[in-house]
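Below, each structure is written out as structure tokens.
Look at the two complexes coming up: subunit A is in both, with subunit B in one and subunit C in the other.
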Partner chain A sequence: MAENSTVTLSRVNTPPAQTWNYLRANDITLEVPFVSRKGDVYFALPRLFESIECGMGQQVTEWIESQATDASYVEVRAGEKREEPIVVTGMDTGVMVRAGAEATVVVCVGGAKGSVGSLSASSAAGETGQGPSESANEANASATSKQLSTSAALVRIIAEHDARVHVLEFVAADDEVQHIESVGITADARAHVDARQYFLGAGTTAAGLTCSLNGSSARFDLTCRYLGREDERLDINHVVRMRGRNGRTNVTESGVLDGHARKALRATIDLVHGSSGSEGTELENVLILSDDVTNKTMPVILCDEDDVAGNHGATIGSVGPEQIRYLADRGLAEHEAEALYVRALFDESLIAAPTADVRAVLLERAKAVLGEDIANDLVEGLELDAVAHEED
Partner chain B sequence: MHSQLLRVSDVSAGTEDKPILHDVSLAVGAGETHVLMGPNGAGKSTLGRVVMGDPTYQVTSGSIFFDDADVTNEAADKRSLAGIFLSYQAPVEVPGVPLYSYLRTITQKRPELKMTARKFRARVGEIADQLDMGSSFLTRELNVGFSGGEKKKIEMLQLLLLRPKLAILDETDSGLDVDALSVVSKGIEAYRQDCDGSLLIITHNTRILERLTVDRTHVMVQGRMVAEGPGSLIDDIDAHGFEQFERAGEDGGAA
Partner chain C sequence: MSERTENRTQVADVDRSLYDFTYSEEGYERYDDGLTPDIVRAISAKKDEPEWMLAMRLAALETYHAKEMAPNWGPSIAGLDMDHISTYVSPRTKQAKNWDDVPDDIKNTFERLGIPEAERESLAGVGAQYDSEIVYHNMREDVAKSGVIYTTIEDALHDPQWEPVVHEYFGKLIPPADHKFAALHYAVWSGGSFVYVPAGVKVEYPLQSYFRLNAEGAGQFEHTLIIVEEGADLHFIEGCSAPKYYEANLHAGAVELFVKDHARLRYSTIENWSKNMYNLNTKRARVGADAQMEWVSGSFGSHVSYLYPTTILAGDRSNCEFTGITFAGATQDLDTGCKVILNGANTTASVDTKSISKDGGCNTFRSSVVVGRHAANARCTVSCQSLMLDDISRSDTIPAMDVRNATASVGHEATIGRISDDTILYLMSRGCSEAEARTMVVGGFANPVSKELPLEYAVEMNNLIKLEMEGAIG
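Moving on to the complex of A and B:
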């Protein structure tokens, strides 16, 4: 292989159980840079992290490990409540949250190159990529030729028993960015993990998250909010393995698609043998604002245990007539009502943003999407500006 | 009567296959408080929605003038911006939209209410205090997961924030416990005092009127306006019910 070249990650981000290939919903194929690291001294994560299943699959894990200049390991001691968020800055990060501890893990990608795990390879991922869905690979398309830079993050988290972990993911990059984010989490007994994902921009966002509830009475709550517009592409894979008894999972995905955006969301709750007493719910709500949008949703409940409950549902459509009427009665025409949903995504992400740096990234994206006036209004109204200045 | 703010003249309206309102006329002066009463199914809520411009209903004859402008064919959002506010009996849930984003957007649509985001937030805080609302509600999704009483408080919050010229309150008191009813009544009173707006209150419950001076009372039966009188007419209805008006309605004319 050449020193600096591109490689193809073929059919990654797959769910545990796949559907018909002709639906082209099972996976994504990505053209990514490859920089030779021969001779580099690489600090690898402890072996324990190797066993963690990550959302985008082993092929992506191996690629990121091969590209990362180093791995970051963070440990939160047993019983410690860590106030300062753990901000992911490298491509390969492992976080160990010991028993009874609490921690917040933040991944944030923004700007023209992506701020996390940005690959400086000027080989322009995607320039050599296959065309969109008509490509030889029948399952999915490669990155489009418009994309110039690739960023990537691999985050593996171990939550020991009774730990409390908050995961915050923000992707708000420019259209020239292809971002790849693979997250793997394991939760022991009574651990409670909540994750919030905000995918608000990037030419291609490919994101996978797998959470394995290994211990009894463990809990996982996932909220995923996304915006796809113009020619953006979103490929999301959520997998929850419920292995321990009496586990609880609640997955809520919702977003807005406009322009020619293409989105595939795969969400699987796997009630593994031994997970009796567990309950898992997955619900997606997609708002479609354009006739040219491509939306694919693949909710799956796998069940190999008695005495469990698995629920899923999806609502796909435009803004409901009741909502349109209500908003019109308060002065908003239909297109303004639709714009409100987009603004709301940014409002919500800014409320969730834990640091000034993250807010700055979101604000830049909000300016590009909503315009400068509204973006500044968001920050001022949410009283975030003062905090940002202090921290700056 | 003060100068007429709303004038509904001989309006007949209904859905595609069902006429509901028959030659209804009603006039509300600036700064006045009117009460619209009638038995269930009389068409009171429909009249409120027709005035607001709900596209579910078609006006087949008659006209609606608001603030000296013919709004009969105007869309609801235009009527809202002109100063008409309809408070919902069952406010609609809007998932995906935090209350803050919503309030800020509808306020910014009105040039006369434009203010900096900081002042806006302070203003919302003041009104929320007036209505005994907590501070965390702003980040919650609009009307999602709120109790019936909380939803009505959010309606009142919007009423006080938007300061419309005319507020149509469609059974705002329905389903409220005593405490929530008291808060909502205070909200309506505050609207009258602070905004000097007009009120058209659709209600079955006279308790919500205790803090208000009612200028006129209207009675509807079977889609027709069958009686109009002073505020004291409410006491008469309270004592004797709608039977006398229902008979008039069967005769097809106004009392």
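Moving on to the complex of A and C:
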């Protein structure tokens, strides 16, 4: 019989190089549900996936593997341009994009239990392992001071040479949800991976992504947009290992923090010995709307090669007085101007959403954050109804 | 320009013998290696300290033994074994006010380093420490008349006027429990300087302390305590060097700087420890309202460094500028940077650092910028540029920012790269050899730092760069 309990994932989501521990910016500790799976047979991913470094680290990988029902493996054949997105529905997913193929991988979490979209979990901890597919991805767990239901996704992607992979991650859940998302990607020669992350809500969002550019001339582009409000907590760890020659990495992160939100973002570009000719750039812009916000930013460059270029930058601040005056001249009060930035986040995420299900998740969150009227404006402005109908 | 500096403007005129010479320790007082309460009591008794200082030392020793090193921190210091380090080595001489009263071997050491000459030409006062004790201390009469106190902490502790002041400030900015090597420092500290600049006094020429560690397998634990009262102004220079041994040496000093309202302090350091040195130094400044703290830091020596000068901008409208350069060559792993804490409203900070890695040397730049809740309109910019001179060296940049105020503005930028081939080709087409071209580019890269230094030190820094660049080609 399954025994339900909680376990602590201690100091996870760590970057390769760390800063002073007293700043409490190096990691996050999470309390997560644990259901004993003694006697179950776990159908894991092919061994090849074990070597992939995932953003939140090995401890999280092992916990998710211990809690998932079975792993889900998807393969896109060499040269295939797969139109239909691969929507991640389980806790443990492996995607193999063969040489010259193209695919889109989507992870979406929303709703009151993190259950909308790809993660269709509906059961609590005691019920994990009962369904044939996805019920293990949600459980009731105590995290911080209040009861949060936990959802989790472990996604490992192999992009063979000349492959093109698009990764889309959406987290737009209610405050009662703690979402854990660990992604690992490897890219062979000339593979091009672009990832877009939209972290727009959840009591706690802990997300890590590691991309290893193993082959020469591989490329990785990452855009991360986030919103933290009320008592939400965001902990993000991005790591790009540039191993092959002439690799290119471009990471941009930006977001808005309000209320008592706490955010830590760690972004590391690791120019490994042998990556000559490579260039990596990382930039973060943070807009802070409240004095009760805690924003921690840690942009790191590790460089073990001379013929490379590594750049990073970060700007942290509020809406400038000139911008406020400009908008005031056009009839917008300060709070309305600030709301525009939040609205823009949802606007962008809706444009990026690849399916009607994902859009529905985002719109539900937009209604909760911006109000029904503005959410309807978004729908009209983007002509989303028409798109949804067409898909129906 | 002095003859000494003139003579050293050519690479050919600079060699390691400038720093890598040593004299016998015969006749010196040397305490047993290791750390015991008896050694701590002996150091305290030797200095005839007040009871509170002995109690502080013994408590710090306990803290040192109790504290663990963070397992996720920087370069390894596994080669440092305190059981093989003597914490107190002293020549049997008294502190002198005249160089003629300093024993010949020690006087020769400082003369070769150019200290007496610099004192004559451009300094308001000099303190020279040899191993664990200050052997020479002097200050210009006119500066002394203005009420400036520049002495050793030991002497201040024996002065009824200054003992309460030392008691009030000593160990307050860097508490013994701050980290393991701060605790070690407070257990066995010896030597260093006490500077007090009265309100409104502007010291026109810099004061300088030079620290020389001659003994093998020894530690230097000097404590510098500077109080710049309201509206006062001081430039303090710190220099340090040691000859090279194959046994580990340790430097674990502490620098506490109190810059009161409307005051200004510039603290310049050229550190050129030998490459068997573990340089685990702690520096911290607290800055009052409308006051200014300027750091200029050049790190060239040591085997391993942990060095992160900290500035606490406590007063409104206070300001901090940090300018630093680190040069890591073969066998060096230098973990340097700075920390700024902006607590006052309308505070501003600017950090500009450069690092150069060569011959397998490792550089790590770390910074932390913390903006407190009450630091309305605080502004901070951090710029870090790293130059890689070959493919066996390493350079890491690890900044952290913690911002808790909506009106604050914090910016950070960093770049890592190498000298472009186009630049070298351009210079070579105009008659430079490749080695000259590279040295020229590195010199230009370091120029923003050297121009902040007093002339003597700028020349020394440029020569160190040239010296380090020797053999960079082929």
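Just so it is clear, the second predicted complex is superposed on the first by the 356 of 392 C-alpha atoms of A that agree within 3 Å, B and C clash if a C-alpha of one lies under 4 Å from a C-alpha of the other, contacts with A are read in each partner's own complex, and residues count from 1 in each chain.
What we mean here is this: contacts are C-beta pairs under 8 Å (C-beta built on N, C-alpha and C of every residue); 3 or more make two chains touch, one makes a residue touch a chain.
Source: prediction; values computed, not measured.
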Contacts of A:Glu336 with subunit B and subunit C, given as first, second, both or neither: first
Touching partner for A:His273 - first (subunit B), second (subunit C), both, neither: second
Subunit B versus subunit C, judged by how many residues of subunit A each one touches: C
First (subunit B), second (subunit C), both or neither touched by A:Asp304: second
Which superposed partner A:Glu84 touches (first subunit B, second subunit C, both, neither): neither
First (subunit B), second (subunit C), both or neither touched by A:Ala314: second
First (subunit B), second (subunit C), both or neither touched by A:Glu322: first
Shared subunit A surface residues [contacts with subunit B and with subunit C]: none
Subunit C - residues contacting subunit A, complex: 70, 72-73, 339, 364, 366, 368, 370, 373, 386, 388-391, 393-418
In the complex, subunit B residues that touch subunit A: 52-56, 75-77, 80-81, 85-86, 88, 91-92, 94-98, 100-102, 104-106, 108-110, 116-118, 120-121, 139, 158, 162
Residue numbers on subunit A that touch subunit C, as the complex places them: 17-21, 23, 25-26, 271, 273, 276, 286, 288-318
Residues of subunit A defined as touching subunit B within the complex: 254, 256, 285, 287, 322-323, 325-333, 336, 340-341, 343-345, 347-348, 351, 377-378, 380-383
